[in-house]
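What follows is a single structure, and I will ask about it in a moment.
To keep things simple, chains are lettered A, B, C, D and E as they appear, and every chain counts its residues starting from 1.
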Amino acid sequence: MSVAIAVARTRDLFAATMLTGIYSLLSAGFFVVMDAVDVAFTEAAVGAGISTLLMLTTLKLTGQYESSSRPLQRIALVVISVTAGLLFYGFLDMPIFGDPAAPIHQHVAPRYIQHSAEEVGMPNIVTSVLASYRGYDTFGETVVIFTAGIGVLALLSYVRSREDVSQAALAPMQPHIILRIVSKILIPPILLFALYVQFHGDYGPGGGFQAGVIFAAAIILYAMIFGLDVTLKVVNPAVIQFLAALGVLIYASVGIVSLLSGHAFLDYSVLGHDAVHGQHWGILIVELGVGITVASVMLVIFFNFSSRVDKNQDSHS
Amino acid sequence: MEGFWFVLTSVFLISGAFLIFTGAVGVLRFPDFYTRMHASSLTDTMGSGLILTGCLLLADHEWLVMAKLVMIFLFLLLTGPTANHALVKAALHSGLKPKLGAEPS
Amino acid sequence: MLAHLPVLQVIVPLIAAPCCLMIRSPAVVGRFVQLATLATLIISLGLVREVLEQGVLSYALGGWQAPWGIEYRIDPLNVYLLVLVSLLGTIVIFAAPTSIKSEIAEDKQTYFYVAYLLCFAGLLGILATGDAFNVFVFLEISSLSSYTLIALGQDRRALWASYQYLIMGTIGATFILIGIGLMYMMTGTLNMHDLATRLDNVSETNTIFTAFAFLFIGVCLKLALFPLHLWLPNAYTYAPSLVTAFLAATATKVAIYILLRFVFSVFGAEFSLTYLPVREILLVLGLMGVVFASTVAIYQTNVKKLFAYSSVAQIGYMILGLSIGSAAGLMATLLHMFNHALMKGALFLALTSVAFRLKQTNLTNMAGIGRQMPLTMAAVVVGGLSLIGTPLTVGFISKWYLVLAAIEQGWWPLAFVVLFGSLLALIYVWRIVETAYFQPISAELSGVREAPVGILVPMWVLVLLNIYFGIDSQFTVSLSELAAHSLYLEGR
Amino acid sequence: MSWLAQYNYWVVIVLMMTGFYIVIASGNLVKKLMGLTIFQTSVFILYISMGKVRGGTAPILEPDIDLYSNPLPHVLILTAIVVGIATTALGLALVVRIKESYGTVEEAEIQQKDNDQC
Amino acid sequence: MISATIVAVLVSMLLALVRAFMGPSFYDRVLAVNMFGTKTVLLIALLGFLSGRPDFLDIALIYALINFISVIAILRYFEYSNRKSSIQET
């Protein structure tokens, strides 16, 4: 785990980005060891994938090297040693790592582990907690992603004039024949895999969020190799924005339906003829909503970032 | 697990691990980018193939698991060389010269 | 439907936001947003009635009972703030269709509305929820959207301010996350009510102290409490004026709410106020905030920045009320939260109309503006009087109760500091008044007319509320008293 | 109390402080965001560590297993990861815009330019 | 047996990491990262078998995917613009 320290030391931002990617892969590996497979899944897709991608794009725009000035070094050291001391102090009393008798495993969690099978009817407890017991948090999470999409749109979107469009945006990688062919072979299975992850979330690790990221990744791969313009013809930006909103609304509509039938918001049990059935349907629809929002927001973010790259390159040349 | 299968699995896994390890040593020790690339790409593909086959034998007739392993294998088989190819091409384009034997060591 | 009011309060704006993105046309979206906020306001008033009749409302989201599912828990404290936030949010947005024409590019206006609604919903969500982790989620919704809103400002410094806010805000949020995590680790629950009961058993451990410290620092970052306020002045200055009006009126109040909720309801007053030196820390920081920020405000040339610093000072007053540690002190804090929202809302809306005509808010360019924009400047005067704490305005009411609470505890010096702070406020308000009314009209101002009705009406609604609640304070006083007592009793 | 048993938590402290240090000390805006990512990831590790039960396995029900790790922290962290990426994306978007309007992403230079303007 | 393999994979990950730190050229780092990713795929697969729950191979699959995309992205964005800096880095 010394990678992080290396990140702190290196001034080459590019190397730092890659190290952050490795760091995130490592921590995802750690999550697997710690039994958090869903988390590992997400961290791999997000930390190593999307955020590295975004950092790279940004570096492309902002330049690779960091200046050597570090004005706040002293203060930083003081602040972090105080915080570290505090944490250290706090950690002295903590329950022993992995102790099954620790309070964290006693109060709320046992119900999820013991009863979620009959109450929600899904093998993957994480999914049932995520989408049902704490479904409202997940709704909030979807909205957070949506907010980020809006933020990026508000900051980076611009109206392209006609001349801009004619100048090929994010030009395709012409010379790489092998890359083009391999990607063409790969993209359909990736999309299929995304669908599999989407609907397999009940049984194994996965779910709407991860599926959305994978789906977006496939399209991003396409955009990187065949050019942004071609991609934008296939996936219209306006449609993506619409879909991003639609995903949130799908999630909310489940809540509204249960509200109108006299139950609490997001109470899925009304959706089927019995409670467990309803839970099943509810989680399915909700995950679909999450998937749609996540995929489209990721695409919105990526497209806006990379069209900025073009815009700046045009203005430089 | 039966004796024969056990031995077979072990052979696959251990030889895969050996390849991976040698590849890593190569990447660390070889003098320039192109030789390192050579070490990494060959052993990576072969080594992961072997290890995944070993896992396939371990999977014990769970079809979904086996299918996934095959998927991973195919995926690595396709992407590994492709990525390395693209990498070398980029390096060559950018003017990174291989170190040739003529140089004094 | 009445039973569903708690959740409707939050999801109405939350659902309206994506709808806006689908509608796209800014004009239509503007009306739609106004409708949505108006609906929230009505819901919040409905909630007040329900809470007064039935006491604490609990709403189990997803039909799962409290410690397992997420609970919305509406008690007098948060219903009071729900009214505050939805009232201000509604009034401010009615100025939007006119004012953003001059401040936000046409193609960004829809995004502005969406972000506004999200921020609004996020703040309401923080207030309504009874679940510690849910607080974090909604905190992030509101923070992310407020970064966006701030970055929509025209000056490039808006971007820098927003970035600084993002860094500080995220550190704050992560600290809060650590705090919640440690609490969860020691108790095994995330529900606040449940936490409060289960924390008693473990309150002697280091871990809980650490959890408290992290939560406290995290919230103080969000709160812009004195030494951690550095992000606030720039963010408020360079954001679009309307956004400043909204954030100044609501966001910091919600942060104070989080502080109150954790200090009193979750950890309990006994733990936080007597066991730890929290009162003393808050007292010192609050005092320093009042004095320093007011002094800095006097030297500002940009009126927006001036009022931003004054906001930091006013936060100091609220913290002072808290540090008194009695029910009366709490009540003063709550009152001041409401009243400060009213006055800052009015003041920043007035600045919105100044910015609408002048394109900027530098004091030097505002010489003689009182004659060109009489209604706007009259609003500034009333708001300023309120800041100072003149009788017949809301500012007087809250300062009165603050002084009373201080004297009740025998803290005479504190009462003097409050008066001294008013004196400083008098100085900076006077600078504006002097420039606006007693200096010759500057050349740039010729031909500047009064702001359009679209901004004037919401602004004057707020100004009149300032005066109304200053004269007839029965509604706010009784509600805040109820809230303060329930909170105080809960903490014991 | 055994010190080694808490190994995870000590690692968390080191990571957290590294990330935090980068955020405060680094003058480069992109680097700050990287620090923030590391900082957040360390909190994720903290949560996940506390959810682990020795001898337990991943919380996906199987008929013949009955000791599972605690699923709740996993759920919370899933949400937190999403929040993290949302923040990063927004922060990077801001950095891009800052670069466009200031021409630099170094904190010191930006402050310099702002002061000149005043 | 599985554990032995895991150890070997871990050690090679470590070596790859060293290469990523050392550089010296930009492409060496990319190579090391790519290799590191492949190793992680294997590691996750093996860990699944070690803990007796091999149904988590999805994660390994997504690693492979992400790894590929990252390498492409790196090359995509830095192929031609970084020519000078990458060589001078030594």
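One rule holds in what follows: a residue touches a chain if its C-beta (ideal position, glycine included) is under 8 Å from a C-beta of that chain, and two chains touch if they have at least 3 such contacts.
Just so it is clear, the model here is predicted, and its values are computed rather than measured.
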| item | value |
| --- | --- |
| Those chains which touch subunit D and also touch subunit C | A |
| Chains in simultaneous contact with subunit B and subunit E | A |
| Between the pairs A-B and A-E, the one where more C-beta pairs touch | A-E |
| Centroid-based (C-alpha) most distant chain relative to subunit E | C |
| Centroid distance [mean C-alpha coordinates] between subunit E and subunit D, Å | 21 |
| Distance from subunit D to subunit A - Cα centre to Cα centre, in angstrom | 14 |
| Separation of subunit C from subunit E, taking each centre as the mean of its C-alpha atoms, in whole Å | 48 |
| Contacts with two or more other chains, residues of subunit E listed in rising order | 30, 55-56, 58, 61, 65, 67-68, 72, 82 |
| Multi-partner residues of subunit D (each touching 2 or more other chains) | 20, 29, 50, 57-58, 60, 62, 72-73, 76, 79, 83, 86-87, 90, 94-95, 97 |
| Residue numbers of subunit A (touch at least two other chains) | 37, 57, 59, 87, 91-92, 94, 102, 104-105, 108-109, 112, 134, 137, 140-141, 144, 147-148, 151, 155, 179, 186, 193, 204-205 |
| In contact (per the touch rule at the top): chain pairs | A-B, A-C, A-D, A-E, B-E, C-D, D-E |
| Residue numbers on subunit A that touch subunit D, as the complex places them | 1, 4-5, 7-8, 13, 16-17, 20, 23-24, 27, 30-31, 34-39, 42-43, 46-47, 50-51, 54-55, 57-59, 61-63, 66-67, 69-73, 75-77, 79-81, 83-84, 87-88, 91-92, 94, 96-100, 102, 104-105, 108-109, 112-113, 116-117, 123-126, 129-130, 134, 137-138, 140-141, 144-145, 147-148, 151-152, 155-156, 203-205, 209, 301, 304-305, 308, 312 |
| Contact set on subunit D toward subunit C in their complex | 20, 23, 29, 32, 36, 39-40, 43, 46-47, 50, 72-73, 76, 79-80, 83, 86-87, 90-91, 94-95, 97-98, 101-102, 110, 114, 117 |
| Touching residues on subunit D, where the partner in the complex is subunit A | 1-2, 5-22, 24-31, 33-35, 37-38, 41-42, 44-45, 48-62, 67-79, 81-90, 92-97, 99-100, 105-109 |
| Parts of subunit A lying in touch with subunit C, wherever the complex brings them together | 86-87, 89-95, 102-109, 111-112, 132-137, 140-141, 143-144, 146-148, 150-151, 153-155, 157-159, 241-242, 244-246, 248-249, 252, 255-256, 258-259, 263-269 |
| Residue ranges of subunit D touching subunit E (in the complex, touch as defined) | 57-58, 60, 62 |
